[in-house]
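Next come the structures, one after another.
Okay, so subunit A shows up in both of these, paired with subunit B first and subunit C after.
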Partner chain A sequence: MIENLDLGMVNWARAQFALTAMYHWLFVPLTLGITWIIAFYHSIYVKTGSEEWKRLTKFWMKLFGVNFAIGVATGIIMEFEFGTNWSNYSWMVGDIFGAPLAIEGIFAFFIEATFFAVMFFGWNRVSKRFHLFSTWMVAVGSNLSAVWILVANAWMQYPVGQAFNPDTARFEMQNFAEVAFSPYAVNKFVHATSSSMLMAALFIISISSYYLLRKRHIMMAKRSIAVAAIIGLIASVFTIFNGDESAYEIAQVQPMKLAAFEGLYEGETNAGLVAFGLINRDKKVFDTQDPFVGFHLKIPAVLSLMANRSFGSFVPGMKDLVYGNSEQGILGAAQKMERGQNAIDSLNAYKQSQKDGDAEAAANHLTAFNENKEFLGYGYLTKPEEAVPPVALSFNAFHIMVALGTLFPIIFIGYLYFSMKGKLEEKKWLLGFGTITYFLGMIASQAGWVLAEVGRQPWAIQDLLPVTVARTNLTSGTVQTTFYMFLILFTLLLIAEISIMVKQINIGPEEN
Partner chain B sequence: MSTSPHAAPGLILRVFHFYRDGFRQMTVGRTLWKIIALKLFVMFAVLKFFFFPNFLATEFTTDSQRADHVINNLTRSVQRNVTTPVKGEKL
Partner chain C sequence: MIENLDYVTLQHLWWLLCSVVGSLFLFLNFVQGGQSLLWQVAKTQTEKDLVINSLGRKWELTFTTLVLFGGALFASFPKFYSTSFGGAYWVWIAILFTFIIQAVSYEFRRKPWNILGSLVYEGFLFINGVVGILLIGAAVGTFFTGSNFQLDGNNFVTWTHPFRGLEAALSLSLSSIFNIAMGLFLVFNARTLGSMYLINNIELGEVPDMEPRLRKACLQNLILSLPFCLIIVGSLLFMRGYGINDQGAIEVVSFKYFFNLLANPWLLLLLLAGLALVIYGAWNTAKTTTTKGIWFGGLGTVFIGLCVLLLPAYNNTAFYPSKVDLQSSLTIYNASSSPYTLKVMTYVALGIPFVLAYIAYVWWSMNRTKIKIEDTGDRAAY
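Entry: the complex of A and B
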């Protein structure tokens, strides 16, 4: 199959999925994060009874509503794509993803149909306490519904709690708890939700800074900033810590991704973390070119600490993972390819024996398959170097995310400091910078997903199924057409969102 | 303790009025609902219907055939000189 692949189709299907996912993710973090901050605003209103806090809560609720309405159902397109472009993959993971995605659908439907409506329509129509409870439930519910899609994504990166059934060609769930509570899934959920809260805080800071610069809605803007900056600071520190935990998890289960996003070709003990550097885009894993162009700066031993929780530990580089390193006991992709090909041969022989009615031979081939099945995906690679993801893109995505992620707590501290001093309105430079921070947050958030998904290539399911086998046998022209259709549709929706959002921001909060 | 037989219909009516009045009082929400409706129409009635058929559901009638097709794709890489049929070709 590999030799007959239309690689153009695979790349167009990947591009289409990336476009859809990135577009979907323009809306999701704000929805996840701002619901918590609105719940805090609403709580302050209920506690104080102040009309100003009510006005403020209603204003941010309205902007949340715009974001939610434009973003809703954009994720469904990804499910369409699974069935059409990625049918082999879709069939193989159906048993694993069925339960989490069904739970997500139920959560989303019930919470959005009940508490969402009460949150928007409930002013003066239900008791204050029930109204507040509904606002908190929207925050809880929308974040809980995100759990399941993140569990599904985490499973692709770290496929635990499953067994491959060679009769049905499906990965079958063996242990739901192992899938739902895998450390990868827990880290992914915590990182996604805390960074979303940080994003929402940046959104509020951006718009409130704009009001302060324009000298409009000053009291509302200052109050909004005070709460958002505290939540943003806590969320950003938390995001940094659980980001570090995610990196540790990646080092354990996807060492190639870690090596790629650090541009680490040769394994090292006391490995340093790149603080600054331009990656050499032309370097290949087998050549002797320098991995960096010009000057680069590494913080000694920090990558070892991040990867193994030990300063002096060995971190494998891409060469170790591709060609193997017997000294460190690392099996190379070349050796894994051999085992993977054995798995495929055994699977083929097993099916043939079944057709021939030879039960004993079938049992023997199945045993042989089971011995090598953990390397199944490597059997589809044509050369060991194919196990390396796009290094430059992974490296740049990681370092952009980290650089911006380090900047955000400093911004929140600046806003808190000048707010407490009562000098925020005078600091035009900070307010001016503050207006663009949401866009910086968006870049960091998108870079995080680029790293997560590009960094795990060539796998659709880590080590078990490469994207080239996961796809449907379509022509690239078919996928190309729908790619451009989505591009047009998404652009139109984005224009609609931005124009409605800008209009609402210019109108500002309702006057009493 | 007795409950009124009219309690349930009363509750349903109150919920109905709650939603009805909520929708009636919407301002920017009306535009948003129009966008949502248009978007869902384009997604389900146009994109899904014409451009995104479920490949395995439309090409095969039973799960057993689907499983065989996927297994063939998984094992075909070791069967040299066998081409993979593209959509539209008879399997």
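Entry: the complex of A and C
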């Protein structure tokens, strides 16, 4: 199987998944975050009966609707892409991975789909209270769907609650609670939803700042900013603290990812966190080149603190993880590959013995398999260096995300301060900068996912299933064709979406 | 109680649940049917807007049901998910494309600066309504006629036909005729349902010219669906099928589906009752002033869907047969998830009645007032 591997196909399948995921994620954060803010605005309208709040609610709802439609369009392909492009994956882990997707469908998507129509078209069809309830339910449904898809994604990063069944040759669920409440999943959900709330706040700030600069819809813009800046500030602080927790989690279960996004080739005690630096793209894990090009700045011992909650602790580098470090008790990828190959050989021998009806030999092979099964995935690697993800991309994604993430609370504080002083309209520089903050948020958010997914390579399931095995048996030309089909279609739809959005913003909140 | 269910019962139960979701999807295809009728029944801009705004309040339910159908199959029969989606690549990609373009079309169609113009988005809806449903029908047809795949010792799929699934509808064979008949039956049935739904949901007093067109379309599409229905039913009675013998091996069995109907007479009852309900609903809609036809047609479609999806899986039958390697064929026994996962999912499924209840309540709340011209004037309208 692995001998017939078309690496081009695997890379095109990865590119296609990245393309669809990144397009999808252009729209999802806004949906996750802005639904809460719209529900908040809607509640004020129901409470006060003020037409101004109603207009404001309907306006943000309108923009949300345009965004939501394309989010749905790009989302459906992702569920089915697991089957079309990663069919071996679907079989090998479908017993575990399918459940969160089905639960997402039953309990989250139907809430969204059902109450979405009431939220948009229920103004004169249902009671005010039921209408408001529906708006809140859209927010609940959207975020519930995030829960389950992030449970599924977290399981790929930290595969708990499962065991490999040698008889069916697949991974099977052993403990649903471990899968659903994995600490990795909890962190991922909190980080994704809080950062989405932040994104929604930036979206409102960007558009409202534009209105203030153009001296249009001033009251609506000021009210929108006041709510968005408070929510954004809370969300951004929360995102930072939770991001730190996520980094700790990664250090414990995906040390290679941590080493890659920090450009840490040699393990260190009192390891420093890179505050600034240009990563050397040409460096390989086995050579002696400098990891950085020119000057770089590290904050001493902070990486050790982040990774292990202790300043003096050892943080393994990529070399330790690839070639092993006996001093620190770290088993390298090279040794793991050997044991992984033993696991594969034992599994094949077990199956053959079963076919031959030799129960004793089968039992022996099964015992041998069980001794090495945790390294099964490494048996499919062809060289230890394959265990290293793309370092430069991981490093840059992480540092862009962190730099922008640190900037956002400062922006929200600025908006709050000048709003309270009543001088916001005078601060043209802040409003001008404010109009582009949503795009900065988008960059940070995309960078976060690039880090999460590129940093996990070469694994589809961390340590258990490499992407080279997870693929479908397709030619690279086939996947290349669909890659371009999706690229053209999604780009076309994105241009249409942006164009409609710009027009709606220009029209503003007035009724027809 | 769930804890005590044995593996075989769980496998049957989950195929039934997937079939229920699939059948509900076929009922909700009234959205696709209505989309494909747009240019036929709506001649003015007002009529078009009424049709789109009527269907636009329900398109997401259909879409979500399709997603759930996929998710439920992934969770309960992952080998089918991996074999069919990975193997019949092009047919699934084509189906997905038609649903991607549908998802944006309602929202974008009438919005200023939508780049492509409203006609293109209406075209997207037509493509989704015809091509999407036709291909889904052809894919369902392969449950009976078989597909071109092999599974290796690791259950990894190799598709042996270069069309990768599209051959179900594009090759010159008896199988293709059956698959296409299945697809066309679903298309015309969806159009029958679509016309009945629009009659039920639109305030026709405001557009009196559209009502006769809708009632005529209902009858036309019912009549057009019947020959394909006859081909399917006739074939099912006589065609050979793929059974599981006492040793657990797959073998070709003459009159397999006929025997399945005899072994499960309730399936035959479902089929006959379903056809009678659809015909009754559509005929009454066409010949009287009733607006309730959709409920008969909808229930009938669910019954037909249940029969079509249960027939190739129950009674020791391979529901996804391989034409090139019989022993690679999928059955509910060899394609399912583990007993543990099926039990967990069964606990989850206890929430389905609650979901159905709130959908029904919201449906009733939103549909008790019919769609009027004033509903199409709002800026949020489609």
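In this text, the second predicted complex is superposed on the first by the 500 of 512 C-alpha atoms of A that agree within 3 Å, B and C clash if a C-alpha of one lies under 4 Å from a C-alpha of the other, contacts with A are read in each partner's own complex, and residues count from 1 in each chain.
The definition used in the following text is that a residue touches a chain if its C-beta (ideal position, glycine included) is under 8 Å from a C-beta of that chain, and two chains touch if they have at least 3 such contacts.
All of these numbers come straight from a predicted model, not from anything done at the bench.
*Asks:* In the overlay, answer first, second, both or neither for which of subunit B and subunit C A:T84 touches.
*Replies:* After superposing on A, A:T84 lies in contact with both subunit B and subunit C.
*Asks:* Using the superposition on chain A described above, determine whether A:P166 touches subunit B (first), subunit C (second), both, or neither.
*Replies:* After superposing on A, A:P166 lies in contact with subunit B but is clear of subunit C.
*Asks:* Just to be sure I read the superposition right, which of the two partners does A:G379 touch: subunit B = first, subunit C = second, or both, or neither?
*Replies:* In the superposed model, A:G379 contacts subunit B only, not subunit C.
*Asks:* Examine A:D345 and indicate which partner it touches, taking first as subunit B and second as subunit C; both and neither are also allowed.
*Replies:* Only subunit B is touched by A:D345; subunit C is not.
*Asks:* Of subunit B and subunit C, which one touches more residues of subunit A?
*Replies:* Per-residue touch count on subunit A favours C.
*Asks:* In the overlaid three-chain picture, which partner chain does A:V10 touch, first (subunit B) or second (subunit C), both, or neither?
*Replies:* neither
*Asks:* Just to be sure I read the superposition right, which of the two partners does A:F107 touch: subunit B = first, subunit C = second, or both, or neither?
*Replies:* So A:F107 only meets subunit C here.
*Asks:* Check whether A:V186 is in contact with subunit B, with subunit C, with both or with neither, and answer first, second, both or neither.
*Replies:* Neither: A:V186 stays clear of subunit B and subunit C.
*Asks:* Which residues form the common part of the subunit A surface touched by subunit B and by subunit C?
*Replies:* 1, 62, 65-66, 69-70, 72-73, 76-77, 80, 83-84, 87-88, 90-91, 117, 120-121, 125-126, 168-170, 351, 472-474, 478, 482, 485, 489, 493, 496, 500, 504.
*Asks:* Please output the residues of subunit C touching subunit A within their complex, sorted ascending.
*Replies:* Its residues touching subunit A are 57-58, 60-61, 63-64, 66-68, 70-76, 78-79, 81-87, 89, 92-93, 96-97, 99-101, 103-104, 106-108, 111-116, 152-159, 164, 337-338, 340-341, 344-345, 348-349, 351-352, 355, 358-359, 362, 365-366, 369, 375, 377-381.
*Asks:* Mind listing the subunit A positions that touch subunit B in their complex?
*Replies:* 1-2, 4-6, 62, 65-66, 69-70, 72-73, 76-77, 80-81, 83-84, 87-88, 90-92, 117, 120-121, 125-126, 166-170, 341, 344-345, 347-348, 351, 379-380, 469, 472-475, 478, 481-482, 485, 489, 493, 496, 500, 504
*Asks:* How about subunit A: which of its residues touch subunit C in the complex?
*Replies:* Residue list for subunit A touching subunit C: 1, 58, 61-62, 65-66, 68-70, 72-74, 76-77, 79-80, 82-91, 94-99, 101-107, 109-110, 112-118, 120-123, 125-126, 130, 134, 165, 168-170, 172-174, 176, 351, 472-474, 478, 482, 485, 489, 492-493, 495-497, 499-500, 502-504, 507, 511-512.
*Asks:* Report the residues of subunit B in contact with subunit A in the complex, numbered from low to high.
*Replies:* Those residues of subunit B that touch subunit A are 18-19, 21-22, 25, 28-29, 31-33, 35-36, 39-40, 42-43, 47-48, 51-57, 63, 66-67, 70-71, 73-79, 83-87.
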